[in-house]
Structures are given as structure tokens and as C-alpha cells.
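Next come two complexes built around chain A: one with chain B, the other with chain C.
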Partner chain A sequence: MNATKVNRYGKVNALVLPSIILVALITQIPILVTLGLSVVRWIIVRPDLRINFVGISNYIQLFTNPDFLWIIVNTIVMTVGSIVACTVLGLVISLTLNRQFPGVNIARTILIAPFFVMDAVAGIVWKTLMLHPSFGINSIICNLFGITPVDFLGHHPMFTVIMLVVWQWTPFFVLILLAGLQSIPEEIIESAKMDGAGWLRTILQIKIPAIANHIEVAVMLGLIFILKVFGLIYVTTAGGPGTASTNLPFIVYRTGFYRWDVGRAAAMAVITVILTLVFINLLFTFVRRKSKEVEA
Partner chain B sequence: MKSLKTSKAWKNFLGFLVALPIWAFCLAYCFPIIYMFLTSFKSETDAVPPRLFFVPTLANYVTVLGSGIVPYLVNSIVITVLAMAGSILFGVPAAYAIVFGKLKNPDSIYFWFLSTTLLPAVSVIIPVFLVFKSLALLDTKLGMVMIYMGANIPIVVWMVRSFLKDIPIELQEAAEIDGASRTYSFFRIILPLAKGGIISTALLVFIFIWNEFFFAVNLTYVHAGTMPVFMASYMTQEGLFWAKLSAISTLTVLPPLILGWISQKALVRGMMMGAVKG
Partner chain C sequence: MKKSLLTAISFAVVCAAGLAAGKAPLTIATVNNSDMVIMQKYSSEFTAKTGIPLNFVVLPENELRQKVTEDVGLGAGKYDIVTIGTYDTPIWAANKWVSSLEPMFKGMKPEEAKAYDRDDILGPIRSALSYNGGQYAIPFYGESSMIFYRKDLFAAAGLKMPTNPTWDQIYGFAKKLNNPAKGQYGIALRGLPGWGQNMAVFGSMINTFGARWFDMNWNPQFKSAEMKNVWEFYKKIITEAGEPGATTAGYTECLALTSSGKAAMWYDATVSAGTLQGADSKVKGKIGYALAPTVKKANAGWLWAWALGIESASKNKDEAFQFLTWATSKDYINLIGTKVGWAQVPPGTRVSTYNNPKYKAAADFAPLTLSSIKNANYNTPTVDPVPYKGVQYVAIPEFQGLGEEVAQELAAYLTGQKSVDAALDACQADALRMAKEGGYLK
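So, the complex of A and B:
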């Protein structure tokens, strides 16, 4: 009896194996290879140079290159800026939408749409139909007020990219935060009102602490995805002008698939992974400290 | 009685007043998408410079569908459906084993899966490119399906685990006492209970794969290129034809938009529980 039970569980346990093997094959082993490639010099289009072990020289060259350091700064600014804006906007919008009014469900559904639109399309639509300085909505509005249309992508590339990221990701924040707000029991809000708490105090001291978990999840997932922003930049600014709106994923692509400088691109990829892990760690420590404060 | 009626009407009116600005905001927020949709029915001369009033036409769709788009559309559909089915086929049993099996460290296996979703795609792209090149998998549907399965199985494990955790373990045990085999209870008890969650997970994975740009643009050219790849190249070659561009964009965003709207509630639930139950 016991033997058959063990056997049965053995079979069930084995169900996890195919997934582990495939995921390891496609995500884990390549990362190790990337780590290995980051210490060689290998430029595919220059077979005459051969593949040489160069130690950490790829990293040294990257960190002494001001352009690359700026790209790291760009990545951080883009990620942090977008997430802060998404969180604030997401909170305001979800608090607004968290009430009963005619057509509330349709309004919510409409608002979610930008999140499901692929970033390549979002970028193209904004670049042409919306922000084009001659024929976009941009020019129509500017002409209405008699001012010269702003060339958003040419003159304010970082701001514009962040704006587009925020436009795409705020609905995602709303989706999650709204679910949190709806799970707060009515009685808690009622009793706070009975105690004479105004709407601002209710929001700051009751509602926001109550959805802390949801905010955390939204920020966490937002962070992971916004660090990877690529398609949006690819179709709008192509990282330019110069490297003004280039982030780490985009420079890895440029270096690896334009200049075919495999070693350098691998080193950049490793730096991207490290930055991702640092971000996630920072977020976790921040969250933990916050929750300790609440307990204390 | 009468005053009650008027107060109700008054309340309705107030509700309407509150709703109006919210409605306006939601519409304004999505204006780029609505505008894209409208432009796709304009003739090119109505689109640039934009005219407010126009005679709607399907000409753009006819032209676009007659051009090179069809193979890319087919690629997108084939790759997305196969990779989604594969991710579910691999991921659901894995989640089942993690929840109902007797693994030594189910939590650490779960966290391992989670950790792989944190890693950026750039960290694997170069080795994957080199291996694909040497195995002649570059620009093939098979290669893309494999990549997308590897990237999305962890998401399936993450979400489906949270749905399976909702199922009381007693149900499984009761079935076992009754002498039901594991296979029987999986298909007859667990699967029906988790069906809704699994379907919404599948829809989410569909959206992710359909919209995926980075791998697609780096690993495919003409044979296995998906819609994002087509969009990007059309933009560089014929980016001046805004009406046609809008028609292509509309065709591209419609499937994920519809699926997203269907699955949004379950999606939030799965993500929250996956994260909170840890």
C-alpha cells in the first residue's frame, strides 16, 4: 500500500520536470553563457580578430565610457520616473473610478485598453497620429492656441518615451489598485466616516494602507516590465537623438545586432541583470521596512 | 411620496453629473486608440492632414490584406497559439505537482520559476541567437515557439498555482480514499475546478506572446516574422501612409484587446494571489 503511494507521488512529482528542463534550457543556461561571453572579445563581422579571452576589460571599457554611463542613468530615470508617475496616476484614477455611476463598467473597460495594445503599435500611433509636429493632433491643438507645435520626439525624447510608458502602464496599475479598493469592506470606510474622518484622511489613512499589498504587486510587476522597455523606443526614437533616449535593452540590441560585438553586448546584458536585481532588492527592503514601521 | 420621487431623480441627475467628467476622461485617455481606429477607415487624403468629416471606406483594409501582411498574420497566429498551448501543457502539470505532489521543496521550485520571469530578455538573447543560428532555428516558427514557451511557462506556473491552491486538498484526498486514480482526480476533479483560472491564464499568455517584440525582431526575418516585426518594417518603409498604417495597427491590436477585456478580472485575481500567497 505504502509502496504504491510513494510510486503514485513519484509520478505526480515528475510532472514538474519537463517544465524545469525547458525553462532551464531557454532561460538559465543562456544566462551562464552570456556571463561567459562577457569576458571575451568576439566581433562576429571581424573573423580576423578571432575570439580572445580579455578578462574584465569589456566591463572596464563600458564603465569608463561616459555614453554608457548616461545610458545607465537613462534606464534608471525612465524606470523610476515611469513607476512613480504610474503609481500616483493609478491611485488617483482608481480612487475616482471606485464608485457607482452609470456605465461604470464600460468606463473601466475603456480605460484598460492601452495596456493590451502592443508597444510597437502604441509607439507608432503616438509618433504619427498624435505627436507629429505637422499633421498630428499635437499640431492641431498647438495651432488652436496659436503656438508653434512642439517636436516632442526630437526635442524631448526621454520625456516623451516616459510619457508613452506611463500611458501604457497606468491602466495596469488602475486594474490592480481598483481590485484592491473594491476588496476593502464597506464597514471600515463607514466607521471611519462616523469617527469624523474627512475624505482625504479616509484615503490616506484607511484606503491606501489597506491596499498596500496591491500597490506592491503593481510596482513590482511594473518594475520588471518597464526595465525591459524596447519596442516603444525601437519604433519612436530608435534611442536617439544620439543616445538621448537609449536604455540598456536597446543598447544591448544595438551593440549585439548592429555592431555584432558579442563580448561587449554580453557585458551590457550582465550589467542589465545586475541592475534589475538591485532594483528588486531595493524594492523589497523598502517594502519590508515599511511593513515593520506599520507593525511598530 | 412625491418628494421621494424627486429626490431619486435628483440623485440620478447627480450621479450623471459625476459620471460625465469621468466618462470624458476615460475617452480622452484612450483617444489615440479610438483615433487610430477611425483613421483606418479614412482615405489617405482625409488622414493627412486629418479631416474631421470623412466618408468611411474599407479600401485600406483591402489594400493592406492584399499586401505582404498575410504571412506575418499567419505566423503570429500559428506561433502564438502553439506556444500558448505548449506553455499550458507544460505549465499546468508542473503547477499541479507543486501544489498536490509531494515534492521536497515545492516553494523553492515555485520561486525558481518566478525568478526566471524577473530576468530581462536581453540576458539570454545573444546565446539564443548563436545557438539558433548553428541549429538552423533562426527565423523558424519552431524556434519562436520554443522561446515563447520558455518565457511563458513560469507565468503559467505562477498563475495556475494560485488557482490550484484555492482547491481544498480534502477534495483530492477524498477522491483518493474512494480509490480514484491520480489521473482520474486530476481530469475529473481538479481540472474542472481550475478551468476558469487556466483559461484566463491562457488568454494572458496569448496576449504576451502576440505582443512580444524583442525576440521577434532579433530572431526572425521573413519566414517566421510576426505582426510586430511587420509593423516595424512597414513603419520604416511606408510610414507616410497613415491610413494604411492605422488599418494594420487596428488588425494587430484587436485580438489582444478583445481577449484582454474578457479576461481582465481573472487576470487581476491570479496575479494578486500569486503574489500574496507567496
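So, the complex of A and C:
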């Protein structure tokens, strides 16, 4: 038995070796290069200073910089806030769209559309046409009621960025959760109704547990993508005012393309990757533990 | 089969012969402003004249700088001609990223040199595009800064704008003309964070208020009383009489506010005058002009030019120089004046443009633009001596990063996210770190 396994795996390994090498080259080389760059001091616009090995100095400087620590906090707030809002809204919308009513297909298409709008376009539309206190709908509505327009991007930058992320990413959650809801056998719902379960109880005790795996997938993918949000921030707040809406991807960009500080930008990128992996593992562990509790 | 093979070979030979007979195309990286778009539109005339094909890569300012810096910094040599500013030119020249144009000017035939008339280029702009006495880029258009104001609103309010106003006078006018309930703001000032956005305006304010970025030993000066004073004034004038949502108002938004009649005054680039007097402007014929406002330092206007340079790695330098001298020639200005309109010719580059009666008739802002550019203090921008050049920026490579940080701190202060002292402390710490790491502060 064991010998067969060894032979079988040995044969498989030999067959997949070229693919493993190719995938490793494609995926790991950029990471290795980034790791290598994170231990050097290299300012592109100062070629006279040359490239110097500085060990972990870039990392030490980052972790002793209060602004950088705040940016990590910003990233966590932005990601967690967006995912919680996307999950709740996504669930509500998908439950609504899982019913049959006239025009349901049109409603589904309209509600899912924001997900297909490009970041830059969404950012410019929201910044200029919707929220701008002089040109936007914000100004028109406030003027109708005789109140001063709210400067969303200036005074509430984090809230506004989260709002835009939620606007853009909720449809993604809706797509996944709706697929889950539609896969619940009709008989189960009918049985629950016959047993006297009301709509709220059906949702809480039948539908949500039935789509737990779908929620897990949506949150996991959402975490990976929302942690990397860049375009919306670049177009709307440019990370400001100050660092109020700066997240890790944006500070990597600013350090790399305004300061031209390759070493420090690479160190930030490494930290971003590590944090992403930590978050995903934490979430995965939490979800698995909850699943086991439910099963028990 | 044989026939197909012969056809294919014939086609390949014809293509190869065509390429050999033609000239290598020039790749030009340029910025997406109106003057450059016009240049691109009429560049077919250059190709018709010389047979040199052109490939344009047109990008917004920030992206252009990033792409081109990547290209030259890593020695990729993707572009033959790059559009760079007065800030970039001396730094790139020092890094040997762009070629000196001196040998090419010396190689011109006498009749070509006479027709081009290099001495006609405005002195301050030419000086800002030079390094160690040699010219590294030729200006395509140049600008300073000035006040644009609504003559009709001033007349209705019984106000009179002096030719050389102070910032206190501007504040007083802005307060009187500010009427947000009617959608009219006293003044439009850039507040969008960015070293080329709010810092362009604020950088020139820093100088005239008597503040400076560094002292002669490169010690940061953000903790000086003058610096605090200019920060507080900037916030006061914007919050009390400026546009709402100032941190989202960059050049384009301020131009839109002014040209749509929502701003009574605007302090910005002289090059905007042509647009405000354009056919699409709601304030056409209603705009008056005044010099950049002052406090302690006279001649407070900034100095900027978008210029064309040749990448050191270019393999087509002679052809590139031909294009540079075509696009910045008197003939090109005449071409645009004739075909597009005299108010739309690239301003701020040649003395002859300002002596041209057709331009003077079309552009009532011309005399003030010329005097603003001529008087801009590029080499001695501040009241107290400084070790750097540049009016609205510090001409060192690290300024892009430092300027961005200060721009963000200014925006944080403007929106009340930070106190003035906290913001200035952050700027001081950042400037100190930059001065040490860059080897400026010993």
C-alpha cells in the first residue's frame, strides 16, 4: 500500500515538476525581488548616493514611525469596516433579490452594476458629480434645504472612502450570497414554514446557516481585494487630508513614486503581504472554529 | 505554394525597403494640457516637412513625471523627447538623464540659428532650464502667477484692485465679495494636496510672508513665526472667504469655479488668462488682472515652464533636436496664432510674442504676464537667504516627497484634522529627516 503511494506520488511529482517550477518562478520571483529591495537604501532620483545594503534598517524606521503605525490602523479600519458593511448589505440585498417580483432581473442587473465600474471612473464620478460641495449633487440638495454642503472628502475622508468601497464591493457580495440562497432546496424552506417558522426565523435559522460557506468565501475574497484598495483613494482623497485615508497600498505608492525610495517602499510592501496573510489566517481559523461549533 | 512563398518574400522585401527609406519615429512623452494637445494636433506639419514620424505618449502631469522618471532613472530609454518642468531640468541634467543642448545649438547652420533666434527666449525661463551654464531643455510655454478678478463685481461693490495688491487687501476684498448663499465665493485658491497643486500657490505665499523651507545650513524652518503666520493666513482666507471643499479643489476645479462665475478672485497661473477669455468662459471680458499679492517680499509670483528635453539614452538625438527647434520656434507660434487663434499661442517663452501686435490685441493680459515672468525671483526667492533655488518649490530631488508630505499636512490643518502646531511639527520632522538622509544637513 505504502509502496504504491510512494510510486504514485513519485510519478505525479515528476509530471508536475515543470509546472511547479514555472508557477514558482512567476509567483515567487517578484516576492524575492521585493524582499531583496527591502534591505537596501536606493533613492532613484539620487543616483549619486548609490544603492547600499542597510539590513533591517528600513523595517526599524517604519515601525518607529507613528504615521506608519497609524496607516496600519487606517488599513485595518478601512478593511474591516468595509467588509462588515458589505456583508450586512450584501445579505439584505441578496435576500430581497431572492424573491420573485416584477422586474427582479432588471433590479439584479442595476444593483450589481457598480461592481463593473472602474475604480478611476467611480472615484471621479463620486468626487466631482456627487459629493463635491460646489459642483456636486451634494451642493444641489443642501442648497435646496438652505444648509451648508458637507465637505465629505475633506472632513470625513475615512467614512467617505469606506462608503465608496462598500458601494463598489457590495454587488460582489450580493452575487456570491445570492448564488448561495438560490442553491437552498425549496423543500427545506417549505418544511420550515409548515413547522411554523416566520420569515425572520427562516432567515436566521435556515437561510443564513445554509449559506455559511458562501459568506465565508465572500468575506475571504473581499478581504483580499479590499485590503488592496488603491484606485478609489488615489482619485478621491489621495490618502489625505494628512494621512487620514491613507492605507498600506497607497503609502507604498507614495513612497515609491513621490519619494522614489525603493527600499522603504519595498519594506512596506513586504509588511502589507505579511499583514494580509495574517488577517486571512485569523479569519480562516475563526470561521473554521465557528463551523465546528455549529456542527457540534 | 511556391506562389504564396514568393508573394510573402516580396512583401517582406518591400516592407524592409520602406523602413530603410523612412526615418525612425520619435517617441515624445508629453503632458495633457491644452497647449500640448494643440502641438500634437499640428505635429503632422513637422512630419510633412521633415519626413520624421512622431509617436506621442500623452499623460496627466503626475503620471508623466512618474513614467518619465522611471524611464530615465532606470535607463530604459523608451522616450526620445520628454516634457519636463523647470523643477526637473537642473536635477535631471545633474543626473545626466537629459542631454545638453549646447552642442546641438552650436551645430546649427547660421541661417537656421538666425531663424530660430535663441536669444529671443525669455531670460528667467531659459535660466531656470539651464544647469552649469548649459541649456538642457527648451520652453514650450512659461508662466508666473497672478490675481484674476471680476471687474464687474468689484465695480458693483465699489472696490478697486491695485496693480500690486497685498495679501491683506486680497483678504479684505474676498471677505466683502464672499456670498456663498448666492453661490459666489470671495476667492478660489488651490487646496488639493500635492506639490504641484496646493503647494504651487502656498509655496509662493511662503516666500512673500518672509518664511523659508531651510536656512543656509539646511536646517528646516517650519517652526519659525513667519511660517506659522502664513499657514494661519492661508486657512483664514480659505475658510472665511474661499470655496467650500477646498481640499478637493486643484487647478482644474479652481479654473471651473472662476470661468463659471462662482469666484470673485483667483490666484493662479498666468497661463489661465487665455482660457478665462476663451469662447467657453462665462466671464469672458469681465476679468481684470493684478500682480501676485505680496507681504514682505516683492515680486512674489512663481516661475514655471513646461519644456522639451532629449533623453540621454535616445538614439535619435539629431531628429529630436529638429523637433524641439520646430515646436519652440517663432514659426510654430505664427502657425498656432494663424490657425487656432492668437490668444491660444504658447505664452511666456519668447520676447517676440509679446511684441507681436496681433498677440497684444488678442491678449490683454500679455503685459502683466510678461512682467510677472520677468520679475519672478527664481534664484533668490525668499526674504532671508536660502541654499536652494526655485520659487514655489525647492529645486532638490527630494522635494517631490517632501512637498507631498507638507501638502498633506497643510490639507490636514485646513480641514481641522490637525492643529497648526501639530502639522508644523510633522513638517519639521519630515524636512529634518530628508535633510539628513539626503546629505544636506551635516
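We take it that the second predicted complex is superposed on the first by the 269 of 296 C-alpha atoms of A that agree within 3 Å, B and C clash if a C-alpha of one lies under 4 Å from a C-alpha of the other, contacts with A are read in each partner's own complex, and residues count from 1 in each chain.
The working rule: a contact is a pair of C-beta atoms (placed from the backbone, for glycine too) under 8 Å apart; a residue touches a chain by one contact, two chains touch by 3 or more.
Source: prediction; values computed, not measured.
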item	value
Touched partner set for A:Phe257, first chain B, second chain C, both or neither	both
Partner chain in contact with A:Asp151 - chain B first, chain C second, else both or neither	second
Which of chain B and chain C A:Leu227 touches, first, second, both or neither	first
Touched partner set for A:Leu204, first chain B, second chain C, both or neither	neither
Chain B versus chain C as contact partner of A:Gly240, first or second or both or neither	second
Which of chain B and chain C A:Asn213 touches, first, second, both or neither	first
Which of chain B and chain C A:Phe135 touches, first, second, both or neither	both
Chain touching more of chain A, residue-wise (chain B, chain C)	B
First (chain B), second (chain C), both or neither touched by A:Pro47	second
Chain B and chain C contact sites that coincide on chain A, given as residue numbers	134-135, 257
Residues of chain C touching chain A in the complex	66, 69-70, 73-74, 91, 95, 180, 183, 185, 192-195, 243-249, 253, 256-257, 262, 397-398, 400-401, 404, 408-409, 411-412, 414-418, 423, 426, 438-439
Sites on chain B touched by chain A in the complex	15-16, 18-19, 22-23, 25-27, 29-33, 35-36, 39, 48-50, 90-91, 93-94, 96-98, 100-103, 109, 112-113, 116-131, 146-147, 149-151, 153-154, 157, 182, 207, 210-211, 213-214, 217-218, 227-228, 231-232, 235, 239, 242, 245-246, 249, 252-253, 256-257, 259-261, 264, 267-269, 271-272, 275-276
Complex contact set, residues of chain A against chain B	8-9, 11-16, 18-20, 22-23, 25-31, 33-34, 37, 93, 96-97, 99-104, 107-122, 124-126, 128-130, 134-135, 137, 140, 167, 171, 175-176, 179-180, 213-214, 216-217, 220-221, 224, 227-228, 230-231, 234-235, 248-249, 252-253, 256-257, 262, 265-266, 268-270, 272-273, 276-277, 280
For the chain A and chain C complex, residues of the former touching the latter	43-49, 67, 127, 132-135, 143, 148-149, 151, 153-155, 238-244, 254-255, 257-261
